[in-house]
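Written below as structure tokens is the structure these notes are about.
Chains: A, B, C and D, in written order; residue numbering restarts at 1 for each.
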Amino acid sequence: MKIGIIGLGRIGKTHLKAIQKIDGLKVIAVSDIDEKQCNQIAEENKIPYSYIDYNKLIANKEVEAIWICSPSKLHYEQVSAALEHKKYVFCEKPLEIEIDKITALLNSFSDIDKRLMIGFNKRFDSEFIEAKKNIAKIGVPTIVKITSRDPAPPTLAYLKTSGGLFKDMTIHDFDMSRFIVEDDVVEVYATGSINYIEGIDGVDIDTAMVTLKFKNGIICTIDNSRQSPYGYDQRLEILGTLGMLQVNNKKVNHNSFYTTQGKQSSVYQNFFLERYADAYEQEARAFLDCVVTKREFPATAYDALKALELAEACKKSLLENRAVRIS
Amino acid sequence: MKIGIIGLGRIGKTHLKAIQKIDGLKVIAVSDIDEKQCNQIAEENKIPYSYIDYNKLIANKEVEAIWICSPSKLHYEQVSAALEHKKYVFCEKPLEIEIDKITALLNSFSDIDKRLMIGFNKRFDSEFIEAKKNIAKIGVPTIVKITSRDPAPPTLAYLKTSGGLFKDMTIHDFDMSRFIVEDDVVEVYATGSINYIEGIDGVDIDTAMVTLKFKNGIICTIDNSRQSPYGYDQRLEILGTLGMLQVNNKKVNHNSFYTTQGKQSSVYQNFFLERYADAYEQEARAFLDCVVTKREFPATAYDALKALELAEACKKSLLENRAVRIS
Amino acid sequence: MKIGIIGLGRIGKTHLKAIQKIDGLKVIAVSDIDEKQCNQIAEENKIPYSYIDYNKLIANKEVEAIWICSPSKLHYEQVSAALEHKKYVFCEKPLEIEIDKITALLNSFSDIDKRLMIGFNKRFDSEFIEAKKNIAKIGVPTIVKITSRDPAPPTLAYLKTSGGLFKDMTIHDFDMSRFIVEDDVVEVYATGSINYIEGIDGVDIDTAMVTLKFKNGIICTIDNSRQSPYGYDQRLEILGTLGMLQVNNKKVNHNSFYTTQGKQSSVYQNFFLERYADAYEQEARAFLDCVVTKREFPATAYDALKALELAEACKKSLLENRAVRIS
Amino acid sequence: MKIGIIGLGRIGKTHLKAIQKIDGLKVIAVSDIDEKQCNQIAEENKIPYSYIDYNKLIANKEVEAIWICSPSKLHYEQVSAALEHKKYVFCEKPLEIEIDKITALLNSFSDIDKRLMIGFNKRFDSEFIEAKKNIAKIGVPTIVKITSRDPAPPTLAYLKTSGGLFKDMTIHDFDMSRFIVEDDVVEVYATGSINYIEGIDGVDIDTAMVTLKFKNGIICTIDNSRQSPYGYDQRLEILGTLGMLQVNNKKVNHNSFYTTQGKQSSVYQNFFLERYADAYEQEARAFLDCVVTKREFPATAYDALKALELAEACKKSLLENRAVRIS
């Protein structure tokens, strides 16, 4: 399958690298507004087509599938165009930060579940897959606790256009909660605070605690922090009727030092590029598998919609200091 | 100091054992409605006075301090009587399940902080004391997560008169949150479900998730379960601006088995009698120290009042499906 | 059973405390060359008889069993006298540092296995008992690794009369190896070095590595150090045909701190008084049980002899730089 | 640098994959006696030259460096030929199983330290490098314990020509001991047994325990097993004057299950291809760096000689049941 990538920032380059490891996928076109970088990457990787204008990439008839790794505000436009050109599309999260636009996509493209995959990378991580596969060992889940803390915050400029913590960061965790619980949320309660980032008062929060109540009675909490001095924290804990399951973080090394100060062991992996390196590869592999076998993608526009609805509800909950029902 | 104990059930016997280990404390009187058991315990432990009627114990002039370990509904009456008799009093939690009665006590006895200590045993546990002492290592706290899960539920009969999960079980965790955060709560949100106990629908819940928002901005969650198949779960996790602190559970043993099935290690200590055996001893020691040095007790009627207010607010939050402000 | 204790140093006081916790055992006599301390301990514990001369304690007809906690060089004489007076005897390790004397005891008292118990306290520790009980989980043992490191060395004066590291310290581990392997050793190899203690060159070593080859083919190593900066290290690891078993150390607390420096957790328990507090109690309980049921003690003079033979063989191996066969 | 690889078995393919990840290294020739497989691999990887006869690869003037991944018995001949053809050479361990031949190589090629690198892959593993880098945290080392256990034994046919466990398996650990201790061994003692493999009696052992005494007084043990039911076990533990350092194994995943059976966590990584995947890449990178900067390789023929001498001494120790001095 011949791939075009739109956007060659940090995440675009990560996907390029991941795709190159998959037999059956081949990047033949790239597009970025930074012409120099775009051409250089194309050259280094022997990619024949390099465009400043992403429309040309979309229009390229050889391109069968498009990876959208551009800034979030461009996603809707690019996804729409790509789908109209009958391409298969992979879009980084968030697909959109306005619910109406996702609804429009769902209404416009009836086969969208088999044409558009969303970059909820945690769904492709072997740790969480292992947890989901073995969930019966702990009986029926009753409490799910998701912890997701970034090592350090993004720039204030980024934060101002991010759509807010719930849409930008918690969105992954909303999706993870649905991945694990496999049901709909009926009520949310969100609270937050500012502890790390100067100058975001009025713009956003940097610390959040969310409670989700699912229709089947399962209670889920998500706690987020834009700063985690001890490394990227991506834990999952599930209490069930027969036991508890934990997914723990990965350490940088397995050395331990025992001294008069006690036992000292390694920090956690620094950030998502290390922690989810393999998940990006599995994501690309799953994309190919679904296309080949004509199956629905494991993360669809519908999933993006449901996660965004939770983000909107949490935003409302935070602003209005109240629990919010999801209809 | 000469002690009288009212109530010789499980917790009464635990306190008797703990007190006997403390130089300077001596149990000279016991009272229980089960005359036979009461006399037997008195005899075995060479305790001179044994009463069916607790009023006689309270009236005994030799008795300087009274440990109230009777059923909760008797606490108010017995505490009042003992304070009126100028005794020092230790009262098991909950002091009361009606706010008005605690307020009445506070109004009636001006020196109550030096006369009445409440059995919030977790405050005397070396693990939590160690955590509090070292909290500066993680900077300023931002998120506090308390997990408190019992190995198995009490009887339905007990549950029906317990005042409900928040007043009976979470009460310890409300107090722990105040012990750690050292501030007042401004908003609570509670949700719960029934997963383990048959026949409690309409009576109580057996699983709960509570969010507390403190005035200083710290967010705290408490998750409770009446059943924990893997043992008594008493964890504390604090995220701070410089790091994270965890208090973990204690295992029954330190053996590990590595086989084709992976690594298998021990279950956690079964329940509070094992987990807090030492804390009960420290509690009795702290009681004596405060009396001798004429200092305020580390857990007072005021603390009981604050914890009960949180329990009431959570009950309201659960029933009305909404966040509740604490004035 | 009425007990007399000879020797009220650190270990004597530890045994006194342990015995007092056992229903059915009662200390009625103590003896120590420090008259003042002896009388004081007797008074504080309401022990009727206090002697400077241990012979008087042995001769006391009320005393049924004697705990010998005196310096090692007195053990032989005191044990002999006590056995001649038809007492049950508990003797701290080492029973003796000369093989001939143990042989003499074995020859003199035909029922010695039911009359004399040796203080190999590790045999009574719940961790090692748990390991032994579950050994089948790892199939048939092939390699046993015992680690035994003291937090800090004793005085030079003590070391000079201790009989050397193998007889004084490794003796416990020799016995542990026999407890686990349940067979005889056919060959030993020992090597050692001096790393921590000034002035012991020519007197003793402070670091040792021993290899024991058992008749059944199991290979066992013991590593000892007189100094362990990270706390008392008492580990056991067994490789078997189906898996591996580890007994790990006990930490002082269960707090963990996660910062930019990684994860910091507690030191290990400091020394044997903490680590084996419960084992001393179990030891006293086992003593009573064996006497009551007329069973052989779990640690006998024969066990002391076998451990001492290994110590002698290791000493020879170290001095002669060679493997030594045990006939 | 243009590379030729001789031998395309499991380890040859592993090196091919590792080399392909390094910028600056390019495989242009391969050789294997299995013509079909050799041609297929060449084709799939766009490698221009494919030979049945390795001499042709060695004679190919474009080839600058040769990776020798053939069966051990061919190493000497191939290394000699490649060095004579002025190639840089990487040779898998063991370089040779006869000491005389390594001595001959050392005598024949004066610049061999900059021309021949030995595949002691553990030297390139980030865990062991991290340990060595931080060794000062534990002061001066006193005891080093290396554990090296394979998940399952090789075939009997392989074992018969392997040169025996010490030359085939322990060889890595001998080198690791020298890597850590940075001194010479003065005495060895080895013992072993047969626990897992039927039919090797008289051929080899499958379980071994080695003690190495270094000139500087450090004592090192190595324990090996050809079978480890719980996964590949590659631990290192160092006791020092200020503390202890441990390098632990890597788990397959970070999921833990807590039930009435206790805590169950993942098995360890299965074998060297997983455990040392990254080390093989670092090894190739180090090779290139040394050639470019004209530095001595981190693992030389001299290191191979020293490891082999230890293997010979251990073989003698095992056969003669005695400690063996190294002159």
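Just so we're on the same page, contacts are C-beta pairs under 8 Å (C-beta built on N, C-alpha and C of every residue); 3 or more make two chains touch, one makes a residue touch a chain.
Note that the structure is predicted; figures quoted are calculated from it, not measured.
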Fill in: Pair exhibiting more inter-chain C-beta contacts, B-D or B-C
B-C
Item to complete: Taking each chain's centre as the mean of its C-alpha atoms, give the chain farthest from chain B.
Response: D
Fill in: Geometric centre distance via CA averages, chain B-chain A, whole Å
42
Worksheet item: How many Å are there between the centre of chain B and the centre of chain D, using C-alpha atoms for each centre?
Response: 58
Discussion item. What's the distance between the Cα centroids of chain B and chain C, rounded to whole Å?
Written reply: 41
Worksheet item: Tell me, which residues of chain C touch at least two other chains?
Response: 229-230, 242-244, 258-260
Discussion item. Applying the document's contact rule, which stretches of chain B touch chain A when the two form their complex?
Written reply: 139-140, 142-143, 145, 149, 187, 189, 191-196, 207, 209, 211, 213, 217-219, 221, 223, 225, 227-230, 233, 239, 241-244, 321-323, 325
Fill in: Contact set on chain A toward chain C in their complex
229-231, 258-268
Item to complete: Using the touch rule from the top, collect the residues of chain D that touch chain A in their complex.
Response: 126-127, 130-131, 134, 137-138, 242-250, 253-260
